[in-house]
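Scrolling down, you'll hit the structures one after another.
First subunit A sits with subunit B, and in the next complex the same chain sits with subunit C.
Up next is the complex of A and B:
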């Protein structure tokens, strides 16, 4: 699947093979999203002939898995970790804690009452 | 007071025209919900922050890229060398390569003729 990858690296956060792969998948999905949606529409439309719908199904199945949105996984932009990633900060919980303690994240402060 | 079904359908039709929706009184599955969905590609693709202006890029844009022999301030491209900055990493790399070459450990020079591929090239099969 390396043919999808960009020749020059354009991400400015943590760089790891899996992060790069995930980034590539995102770009490829963006490229093929309209096509996927069109096929999905044909498949869901019961007023179309059954043959056309079956063909659309096959076509959608045969698209590369890089064009599939379920392949995309949010990763930590600091460490590349996949688990416990805050969507709002794009950071895993530990990295979030370190950054917050260092006062790098605006508006984030330790709860105390 | 009951309203006849045909009248209700007419109302529905008018409603669909006004709000630009599909007139579908029988509740058939026409897959319109797929078309109504928003595209989420742009949002997903912009997840990772992009690289912004590295030293190398700046040097390529301003000054360093000027080919030899061309005079400065010509109409072809920018040639203001004063804007070129110090690239630490590149400097490190070049000094390292020079050091290797001085010790005779550098990369071999590129061959001018095309290398003829021999048959027994690659890993031997057992």
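Up next is the complex of A and C:
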């Protein structure tokens, strides 16, 4: 799938093969989203002829897996981790703690109640 | 309100100082007034009791220089206009993580609305948004020891009633231009027109677009970067790298 990848680096976060791959998948999904949705519509529309629907099904199957939204996985922008990533900060829990203690995240404080 | 009283007191002192500066020869009179105030404190009289004395003094003296009314008004609460019909035309919500800039900017927005002739109501303190995150301090096997972090978003609502849509837009643009650090704004606008008629904004959409595009470079405080080289320079600057993270 290297033909999807940008020739120059276009991410500003942690750089690793997996983060680059994930970023590429996001771009490819964005490019093909409309096409995917159109095919899905044709497949599910019972008022269309069965042949057209079967063709659409085949086309959808033959699309690259990079165009699938389920391939996208949130990654930590600082360490590239996939687990325990906060959506609000795009960071894994440990990096979030480090940044919060350094006072880099606006408004985030240690809480006690 | 104890708050307004203290502000009024501050203004009172300022005017005294101004008089002293203007008449260095007859500086005894303010001294006398101060002495009187000390005595009146013993007799439990308040700030309001001293006011009539001051005014008679002022009338007996020749015209003394004072601060402009707009400067004096800074020590008082923001002025507000009364809405005639009470039809809401704009809801402005201000958000911040800290109180000081939020209160300051609310005050600024209210004053701006007053001088633009808009009847503003508020600031209404909306419920705070508290977000909390709990994270283990170290590796997952030490799950027993965790740490809590929180972020509290403070919100204030300023409502404009009976506002002319163009004036309201002007007000919003002015607030954007003088946006204060650490403050987020969002506004909902409503406008009313006759049945079947086109709204004011729809009529001049194209004109507004050109106006907005012309005004856009002047809004905000961020200068656009002209070239990729310049962006590189900014990114590699020592300050930006220091500001970007703990490492």
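Following the convention adopted for this analysis, the second predicted complex is superposed on the first by the 113 of 113 C-alpha atoms of A that agree within 3 Å, B and C clash if a C-alpha of one lies under 4 Å from a C-alpha of the other, contacts with A are read in each partner's own complex, and residues count from 1 in each chain.
Everything below uses one rule, namely that contacts are C-beta pairs under 8 Å (C-beta built on N, C-alpha and C of every residue); 3 or more make two chains touch, one makes a residue touch a chain.
From a predicted model like this one, the values you see are computed outputs, not experimental measurements.
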{"item": "Partner chain in contact with A:6 - subunit B first, subunit C second, else both or neither", "value": "neither"}
{"item": "First (subunit B), second (subunit C), both or neither touched by A:40", "value": "first"}
{"item": "Subunit B versus subunit C as contact partner of A:18, first or second or both or neither", "value": "neither"}
{"item": "Touched partner set for A:106, first subunit B, second subunit C, both or neither", "value": "second"}
{"item": "Dominant contact partner of subunit A by residue count, subunit C or subunit B", "value": "B"}
{"item": "Partner chain(s) touched by A:98 [first = subunit B, second = subunit C, both, neither]", "value": "second"}
{"item": "Subunit B versus subunit C as contact partner of A:30, first or second or both or neither", "value": "first"}
{"item": "Touching partner for A:73 - first (subunit B), second (subunit C), both, neither", "value": "neither"}
{"item": "Subunit A residues contacted in one complex by subunit B, in the other by subunit C", "value": "none"}
{"item": "Sites on subunit B touched by subunit A in the complex", "value": "28-35, 37, 39-42, 44-45, 47-52"}
{"item": "Interface residues, subunit A side, partner subunit B - complex", "value": "9-13, 19, 22-23, 26-27, 29-31, 33-34, 37, 40-47, 69, 72, 74, 77, 90"}
{"item": "Interfacial residue positions of subunit C with respect to subunit A in the complex", "value": "97-98, 131-133, 135-137, 147-153, 182, 245-246"}
{"item": "Residues of subunit A touching subunit C in the complex", "value": "78, 86, 88, 93-94, 96-102, 104-112"}
